[in-house]
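Following: one structure in structure tokens, then a few remarks.
The letters A, B, C and D name the chains in turn, as written, and every chain counts its residues from 1.
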Amino acid sequence: MPYLARRLLHGIALLLGVTFVSFLLMVYFGPDKTYDLVGKNPTPQQIGEVRHELGYDRPFLQRYGDYLRQLLTLDLGLSDSSGEPVSAMLERSVPVSLALVLPGFVLGNLLGLAFAMLAAWYRGSWLDKLITSASVVGMSISFLIIIIALQVLLCTPYGLNLFPVRGWKVEGLASYLYYVTVPTLALVLVTLGYNTRYYRAIVTTEAERDHVRTLRAFGASPVEIMFRHVLKNSLIPILTRVMFSVPLVFVSGSLLLESYFGIPGIGQVTFNAITSDDQPVLKAVVGLTGVLFALALSVNDLLYTKVDPRLTER
Amino acid sequence: MKPVLEVRELSVRANSSGVRHRLVDNVSFSISAGQATGLVGESGCGKTITALAIMGLLKEPAFTVTAAAIELNGRDISRLGGRQQRALLGRDIAMVFQQPGTALDPVFTLGQQITRVILRHRNETRKQARQTMLQALGKVGFADAEAFAAAYPHELSGGMRQLAMIAMATVCRPAVVLADEPTTALDPGATALILQQLKRLQADHGTAVLLISHDLAVIRKNCRDAMIMYCGRILEANGAGALFARPRHPYTAGLLACIPRIGPRRPAVVDAIGGQVPAMTDLPSGCHFAPRCERADPTCSRAAPPPEALGGGTVACYRPL
Amino acid sequence: MTGTAWQRLRDNGPGIAGLCIVLVFALVAVCAWSGLLGQGWAQVTGGRWESAGPDHWFGTNLLGQDILARTLQGAANAIETGLIVTVFSIFLGAALGALSGWSGRGWPDELVLWIAGVLDSIPFYLFAAAVAYALQGHEWSMHVAMIVTFWTTTARIVRGEVMRIKSREFVEAARAMGLNGFTIVLRHVLPNTLHILVVQATITFVAAIKTEVILSFLGLGVKDGVSWGLMLAESSQEVLAGHFGNFLAASISLFLLLMGFNLLADALQDALDTGKVIR
Amino acid sequence: MLKKLQGAALLALLMLGGCGQSPDPGGKVPVKIYRHALDGAPASLDPAQAASIYANFIVVNLYDTLYRYKYLARPYRLQPNLAAAMPQISDDGLTVTIRLKKGVHFVDDPAFARGKGREVTAGDFVYSIERQFDPRTRAQGAWLWQHRIVGLDEWKTRGSHYDEEVPGLRALDEHTVQIRLTRPFPQLAHTLAQGFSALVPREAVEKYGLQLASHPVGSGPFKLLQRDGSRAVLVRNPDYRKEPFDLATEGYDPATQGHLGLEALQGRFPPFVDRLEIEFITEDAARWNSFAAGELHFIKVPVSQFDNVLSQRNPLKLSAQYEGLYHFAASEEAGLIYTNFNMADKRIGYSSDPVRNRRNHALRCAMVKAFDWRRRNEIFFYDIGRVFPGIIPPAVPEYDPAEDRGYTRRDLARARALLRDNHWTADNLPTLDYGFPNSVTERQIFEQFRNFMSQIGYPPEKIRPMIFATYGDYQRAYSQGKVTLINSSWTMDYPDAENIMQLYYGPNAAPGSNSASYDNPEYNRLFERAASMSESPERTRIYRRMNRLLMHDCATISGISRTLLFLWDKHVIMKPDRSFLGGYFLRFVDIDDSAEDEP
């Protein structure tokens, strides 16, 4: 299928770009661990030794080449600070991040969609107005504020003091809920406004199509119309949004949450890598996010053809 | 003979950004089983709105619908809502829309869409429903029903889509079908097919058809009765034959004058109506047609003329022909 | 903005409210720049963590600096960042968007789309951090990071719009008159995307301010000076010790400003009826 | 905790429609668990890289060192750990002989033959020190022994081949080490109580390479179970050598320590707890809340909580609400916080032009006079930090209570006069770069500093912040002399003032630890003279003289020692410590389960 081939080509081009830019910024001009590793009273010669050990003294292209090879072979080397294999760090932290972000991500989208459909069905009614204005309010509250406020309200003696201030000691459902609740709430609150508004825009346009009028003219119930027809028709933009937010939510999104709630996920690993000049880790994270993103792009296009019969002949 | 559908004092108001104006003004008429009634008027005069109002598809807050009664087989459906109303739609009264292109859901096959209607209104198993669906498609003239059932709307021509619409509208044998400009978007061949199907309906199930069109020729050919609508009001109603033979309302007369006769002898258009159709937002007081009517006098602009019986039909005019 | 659009905007209550809020903050910013407001933000004028009172309306922080002054200065900083980032990223977006849109499926189009794709694929905060490093913690690193990443959305939208306009008669006419692509785009095409740019600008502004706060919180933002983000960073330690001055001042003013812009953005979208722009 | 659980369950209902059983998050287990909090996370657990107090804190529990500090004795005194006795030093002070205990084994690990931990030998010690001088190790402790052990530096320049013997560092037999020094090194025993000197088995290094940093193989009282960026879990090493705890040896003082219930430990075998859970919590507030919520047994109280925790300052008194719950101890850190001038910077330091040199000296002294230690102490140390003139902190015996306090007394008039008399005006004052790694507190400290200076007419815009995303970047910048005002703190590596005096020894100039690049020939001469002396009245005289030289040259704005407050649960039997003792005390921590319920 030439279409697929084209997508693949795009994907590769994208990956090369991402890896190159990120390498240039984060590695070549990037942080320098030398001075974390030299002991007290180092001599210039010792500093040189460390730089050599870290491979900072090798030529640019060679380093970039190695980087690409690492990504291809998924042999990501060892962390400069902990000496742990980067792959091991990812295996350890990615599941945590997933567990942390997934509930909030899913809830945020589902609730957003639900509100959007309500608003669309009662287009122009007070309910619609309420939902729209609420979403504007939601969009106006910064993630930071939500996190700080929630922590004070739910995790401290100044508030309800129901949940832990930080940490992630998950053994079983109860402890999972115990630790995941506040971050989830934060995530939902911060995404809900945007999702609701975005989905409303989509669903309303779909709900005003002629064929929806036809359905009503043939006695279809609101539920059937909204869920069976409108939803399926608006699936493409919804999928697009979801697919595209996946890679970023799981890195950027969890970065703030995890560094604030002290949760050992990919976000925290990344944050520590930044503050401790841990290049191997940074390289891996950025590279893999790029890969994820390229994948998301391609998968998305495939889904289109699955969802919308009009796109099959392409 | 008892009318199947009787509409009394139907009015529709649009509420857009504070200003409320009438789209349909105090319309009353009735149509009886096994025959077609034509509703004629220039586009934007409220024909479609009337139909939608009858179907109860116009919703607050965008529209306000008021009616003394809309009786379907003697049952007032104007005040129904929710479940009861939905039970009627597509079963006892159905509608065929103007744009077959967009009236069907693009992401479901024709089969799926028709079957849904059947499952909704007739307690049949999926299997039975599928059979019924195929028969319906067959009836409207799809030779290879299976193939069409599996097709998506975008894979069919406009005419075929409209036939499918009709199949869908008739699959439950409704008492009334409101056909809103069913042929405007189609080429002559398809038009013929569609109209033939509508005729078959009346013949086979004694279905009453309200044929909405701006095309007088179509109405004349296919309807027993006809109504002339202008700016949300019915100006004249009569048997099609009588109405076309001897129009009473100046507007009707004007319209008829516009129909091109066959043959080269006469110019395509003679003494067309002067002036512009007024905007629904600011209608002239009294008879809406008065400003364009050469017979108009001050009385016309004072109050809306009530429908008066005349020559077997009714005319809303102070100075009928 | 056309007269009718202005009419529609005037009828939009929330929109006007938003506009007013924005104008108030803009006024504050101007006053702060011209040295009338929030000058004492660096001076120590009180004890540590004094509660609100006549001489310190919002109280003081750990060092004994007046929180009100810092809030006002923070507002000025937020607006400044917003303006710089918006102006540049919109300009960049419009230019590149027009270029790729006009060039159709040619290589400039492919190139621009590729760059945009690449930039969008890098997690933003990592990118900002990286730029901060690359620029050796230069005071503009934050702005650069934002501009470089924010232009893509605008570019994509403008591209689409330009492609649409390209096929219109008046453009054909201009072509027929033998005008070169550049002049056509400049004179005939871009002006027709103005309404989109206006809306995009308000949205970019919001994004910029939000990001400024978070970056400053992470220490990648404002270098010398005060920012709501820095105040929140301070407060994130203080609130748990029961001092809410910094937090309330910063978060409330941040909320108001963002709210104002969001309302304005919505109103503009309705007034200029560009469909709801996806955010 | 229970209250919180209900909260969780309640939300569970809201979210997933309820969940039945809800075990204690943290897991109720019949073993003794001690939960500790550090305000930072260790990067590496390889002894050779145990540079941070965090790393050291954990490393000394996973590995064994030859010596350690007595648990309870103050001032700190050394105590044989893996060594059988204190080192035997020849009369010329150049040959040191150390005997190791017999029958000590490394923990079982695949690295060893048949996975059984083999006996610890003198060879391991030799190897572990040599490692520090092998670039491939990325070691950070070499500076402790540099130029001090015969042939070691040459061994390195020859390419660090382990089969090659170092004349000054030899294993006489399985359990005897002999060290030959280039010159007397009184602090040697101290250096052998540091994580850096811990004994590492060569097999493990060769098997795991750099990964040793996350896969420790030692002979310490604990083994690593799990570790990530936010916590480490250690479990008791069942094969740890059996040595009964003895109050007398550890320097128990009933008068000051009687209330801690330490008697209960007498004669038992450490480690006393089965499991250590060490949380790395950098945010003060989060750490405190975690402690207040009962998730931790111990906390170093963050300054922001002092108001809340203390009811009065001198003497320090715990506020009533906590007295019943917690034990409480205040300890003065063995170290200091100071702001160096970069003397290598012509704008403010040494200048070839004698006039400028004099003016710069005056400028520095003016800034020293303008600095408000009272306020600094009040705002950032809750007024319980110890301010002292110069660099010799109260924690060391060399500290001179009689020293003139003028150096740390604010005197704006005098400062202004100094500027005036040396023709310094707002216009011709140099623009200075004040560096700090990004953090809220560091920024506040900077703003306060700038504020102090603005009060003697130093234009704020002339003191520019130079913010670095990481501490490493900051270190690089000032090591390369890019920073003019260097705010730093020094925590002593061992309880001997020499470790502080070297901070201004010329040859240690940047990139060395003498970040001020202070270079005063007399100071250097005195330092070298004292280098071979161990603590003595004479050395004390010399050090105090050096301190005065430094102050006269106004090379640094110094200094203050923090007072650290520790709170720990009444159920926990321990005497916590943060300085040299490092993590050594963890093996002596016990939990009094007569009152079983966990907080």
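The working rule: contacts are C-beta pairs under 8 Å (C-beta built on N, C-alpha and C of every residue); 3 or more make two chains touch, one makes a residue touch a chain.
The structure presented is a predicted model; accordingly, all values stated were derived computationally and were not measured.
Engineer: Touching both chain A and chain D: give me those chains, sorted by label.
Structural biologist: Joint contacts, listed by label: C.
Engineer: Centre of all protein Cα atoms: which chain's centre is nearest to it?
Structural biologist: Minimum centroid-to-centroid distance belongs to A.
Engineer: Most remote chain relative to chain B, going by C-alpha centroids?
Structural biologist: Checked the centroid distances; the maximum from chain B is D.
Engineer: Report which interface contains more C-beta contacts, comparing A-C against C-D.
Structural biologist: If we tally the contacting C-beta pairs, A-C comes out ahead.
Engineer: Measuring from the mean C-alpha position of chain A to the mean C-alpha position of chain C, what distance in angstrom results?
Structural biologist: Comparing mean C-alpha positions, chain C is 22 Å from chain A.
Engineer: Calculate how many whole Å lie between the centre of chain B and the centre of chain C, each centre taken as the average of the chain's C-alpha atoms.
Structural biologist: Each chain's C-alpha centroid was found; their separation is 53 Å.
Engineer: From the C-alpha centre of chain B to that of chain D, how far is it in Å?
Structural biologist: Averaging C-alpha atoms per chain gives centres 90 Å apart.
Engineer: Between chain C and chain D, what is the gap in Å from one C-alpha centre to the other?
Structural biologist: 45
Engineer: Where in chain A do residues touch at least two different other chains?
Structural biologist: 31, 156, 165, 274
Engineer: In chain C, which residues are in touch with two or more of the other chains?
Structural biologist: In chain C, the residues touching two or more other chains are 129, 133, 236, 239-240, 242.
Engineer: On chain D, where are the residues touching two or more other chains?
Structural biologist: 283, 285-286, 289, 469, 473
Engineer: If I apply the definition of touch given earlier, which pairs of chains qualify?
Structural biologist: The set of touching chain pairs is A-B, A-C, A-D, C-D.
Engineer: Help me check something: in the complex, which residues belonging to chain A touch chain D?
Structural biologist: 31-44, 46-47, 49-50, 52-53, 78, 81-85, 88, 92-93, 103, 154-157, 160-175, 177-179, 181, 184, 262-264, 268-269, 272, 274-277
Engineer: Could you please specify the touching residues of chain B with respect to chain A in the complex?
Structural biologist: Touch list, chain B to chain A: 52, 55, 57, 61-62, 85-91, 94-95, 97, 99, 102-108, 116-117, 120-121, 152, 154, 165, 168-169.
Engineer: Going by the contact rule at the top, pick out the chain C residues touching chain A in the complex.
Structural biologist: 14, 114-115, 117-127, 129-131, 133-134, 206, 210, 213-214, 217-218, 229, 232, 235-236, 239-240, 242, 247, 251, 254-255, 258-259, 262-263, 266, 275-276, 278-279
Engineer: In the complex formed with chain B, which residues of chain A make contact?
Structural biologist: 124-125, 209-211, 213-221, 224, 229, 232-233, 307-310
Engineer: Taking the complex as given, what residues does chain C use to touch chain D?
Structural biologist: Interface residues on chain C, with respect to chain D: 42-44, 48, 62-65, 129, 132-133, 137, 219-220, 223-224, 230, 233-234, 236-242.
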